[in-house]
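Here the structure comes first, spelled out in structure tokens, and everything after it is commentary.
Lettered A, B and C in written order, each chain numbered from 1.
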Amino acid sequence: MKARASIEPLLLALALVALALFPLLGAKFYLQLFAKIMIMAVFAMSLDLLVGYAGLVSFGHAAFYGIGAYMLWWLSPQYEAANFWLTLPAAMAAAALASLAIGLLVLRCSGIYFIMVTLAFAQMFFYFAAGSKFFGGSDGVYVYVKPVTGFLDLGDTAQFYYLALAAMAGTYLLLRGLIGTLFGRALLGIKSNEPRMRSLGFSTLGYKLAAFALAGAFAGLAGYLDAAQYGFVNPDLFGWRLSGMALMMVILGGMGTLYGPILGAFALVLLQDTLSDATKHWLLPLGIFIILAVLFLPRGLSGLIKRAEGKRG
Amino acid sequence: MSDSFVFFLIQVLNGVQEGLLLFLVASGLTLIFGILRVINLAHGSFYMLGAYLAFALTQLTGNLFFAVLLAVPLAIAFGLLLEALLFRPLYARDHLYQVLLTYGLILALEETRSLVFGDDVHGVDVPHFLDFSIHLTGALSYPAYRLGISAMCLVIAGGLWLLIQKTRLGMAIRAGASNREMVQSLGIDIAWVYRAVFALGVALAAFAGMIAAPVASVFPGMGNQILIISFVVVVIGGIGSIKGAFLGSLLIGLADTFGQVFAPQLSGMTVYVLMAAVLLWRPAGLFGGRAAR
Amino acid sequence: MAEPVLAARGLSKRFGGLAAVDGVSLALQAGRIHAVIGPNGAGKTTLVSLISGELEPSAGSVMFEDLEIAGFPPARIARLGIARSYQRVNIFTGFSAHENCRLAAQSRLGGGLRLLRPARAERDLDAAARHALRLVGLDPGGRATAGNLSHGEQRQLEIAMTLAISPKVLLLDEPLAGMGASESARMTKLIKSLAKDHAILLIEHDMDAVFSIADQLTVMVEGKVLETGKPGAIRKSRAVRKAYLGGPA
């Protein structure tokens, strides 16, 4: 928990520079793919706040991702562009509010119950959207014109890429800063030993709610950007598959590190991309990969880095 | 009997039947949660496995009845294999890893199903001896097979009750998932208990899938659908409680059936509203006495 | 006699048909140590949990400085100034001793936007943590994670955390458990010194320690109070000898 001279910040800075320079060499297809990955990284980091720092294993985090996406659609005039600076905060606020409301219900549960009810509530959103004519039902809805920012053209692949990069870096820095505050310390205490926190005088429910709402807001950010990128919003964005993928990214990358989920996002989306080129049934090797990773990689990819570090110092 | 009363009766019968089928799946889930302390997201896949086995074997043998006789042991064998290979390493690990591994398992099982059986929807014929309708009134009659499903489920529920109340395994189950030492001091090998409970859970879910096939069809995604609802049942009924699973399943079955009839716009939401209501009142479920771990 | 800081009256806790604590009354005075002794299963730890709020009483009341606190959640009771230490070490094993105490001290800050201040900049918390660690005899600069400390050091940390929340009342549940002779002597001396600034409820099995520092004794058997009084009187009491102390101490 203490700051230790490590290579991690250096690696992160290098990665940032590399990503910033990427558009100079990358083909359009890869820019799009990497933008998608960075959006997933935002989603995964928001989940890491819950899983890795507050000890809350949510299997329904996609609920707030979907809300962010649907909010962009809802707030966009049908054939015109929405105002990015108005709609994004609105989408994040909606996601945070929903997160708060659901948190009030589910945070009374712990352990297995918590995992199940978070999954169930996300499914509730799924069925609602799939059954609603207004929201397009299971066919989904389309955002025909990308939102306008005033200086970035989101229709241009490279410029959207930089937006995604900014979102990922910004989310990382913000969450990293939050973890270092007194609030962040309390979250770690709650994850370590919640009953002790209570007996020391902390009202742990309030802290968990705050973390839940914040995580929801950033999930909403990711969903909003997803809708802005592809323009296609459908109930699967609420689905358990997406929640599961995010969880996998957090675990595979290494939870409780914030940069672990970023690694996980890159690893999993690239894996998914490679596999789906190879076969229509790519979910099978992916599923097997996940099973093997859980069995053989208990600390995830960041654990490998830490072990390599440990060997040196 | 007036037509509207009979209509109401039919909905009740449907709701009960749906609830009882759900009970088979949910009871397995709650046992596995409660005794093995494992979250098994792939539990719905066993239901799906049962249905597809029933489909394939009915085509082979010509009769659902024989198909079931063959399929149940196959499902149990498969379940025991999974338990030995994948679940045993999970018992000591955090729920998080159980969630992840079984998530990977769902993906793998679904794609395997897609490879072997394709993605079409299939139907299974109702066995001959139950293929008739009971005339109720006027134009309304009720399929005997559905009554047959309910009857079979009730028999199994009774069998489960006997198992839990009257056998050594049942004693181990009642002694509580929390107390390995106590179970072992009763002279029961805990590994055997785990295997038996897991096999029981798989068999229940698969059997449910088999007998449901003629009325619910056999289609991709059927496993996940029932899994989520089973989760809701377990949340409502309380983890580890068969009684809770029974009541919760009936409640959900009836709520879902009546919800679809009287408020189709809400389609499927009634179940979650119910869950939210129970959570507000009793966070550990109706019979989840122990603090939720 | 001065007004008690904390007074339990008729406190009971039933689990089904079993009364773990049955009609227990006792009072804590500022600057005094009130020890509760009795055989295992007498309900001593349950009594502490009832006062600390971790268990809700089936009957009875707990008054803390004119406030009825029975039924309050543990976080609220701790913030009022009643701190509890545990029989089985209950610390944050992944943090260092200093971080454990600093987190404990943080609870005094309450909530609100000040929680967004960077943790490292909180000099006050650091000072409070160092103070608590020094009081119990631990090295404030120790870098080892709490999980790697010796059992005795972990018990010391357990007390330090309780002190770090600046309580008025200390509920100490078997602080000497599992300690060797010299550690026990040291801990006993510490508890005696803490009585200056706190009202202390002490659950203990170590009779030497209890009789050397307690101002008041309550003997519990099977959930009920057998006898309450000064150490000398308790030691002589035939009823107590029969139920718990056995022959001449």
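In this text, a contact is a pair of C-beta atoms (placed from the backbone, for glycine too) under 8 Å apart; a residue touches a chain by one contact, two chains touch by 3 or more.
In this text, all values refer to a predicted model and were calculated from it rather than measured experimentally.
When every chain is represented by the mean of its C-alpha atoms, the one lying closest to the mean of all protein C-alpha atoms is A. When each chain is reduced to the average of its Cα atoms, B sits farthest from chain C.
Between A-C and A-B, more contacting C-beta pairs join the chains of A-B. Note on chain placement: the centre of chain B and the centre of chain C lie 49 Å apart, centres being C-alpha means. If you average the CA atoms of chain A and of chain C, the two centres end up 43 Å from each other. Chain A and chain B have CA centres that are 32 Å apart. Chain C contributes residues 52, 54, 73-76, 78-79, 83-84, 90-96, 99, 102-104, 106-109, 111, 114-120, 122, 143, 161, 165 to its touches with chain A in the complex.
Those residues of chain B that touch chain A in the complex are listed here as 33, 37, 39, 86, 89, 95-97, 99-101, 103-112, 114-115, 224, 228, 231-232, 234-235, 239, 265-269, 272, 275-276, 279-280, 283-285, 288, 292-293. Residues 1-2, 177-178, 180-186, 188-189, 192-193, 195-204, 206 of chain A are the ones touching chain C in the complex. Across the complex, chain A meets chain B through its residues 51, 57, 59, 105-106, 108-117, 119-121, 123-124, 127-128, 131, 240, 244, 247-248, 251, 255, 281, 283-284, 286-291, 293-295, 298.
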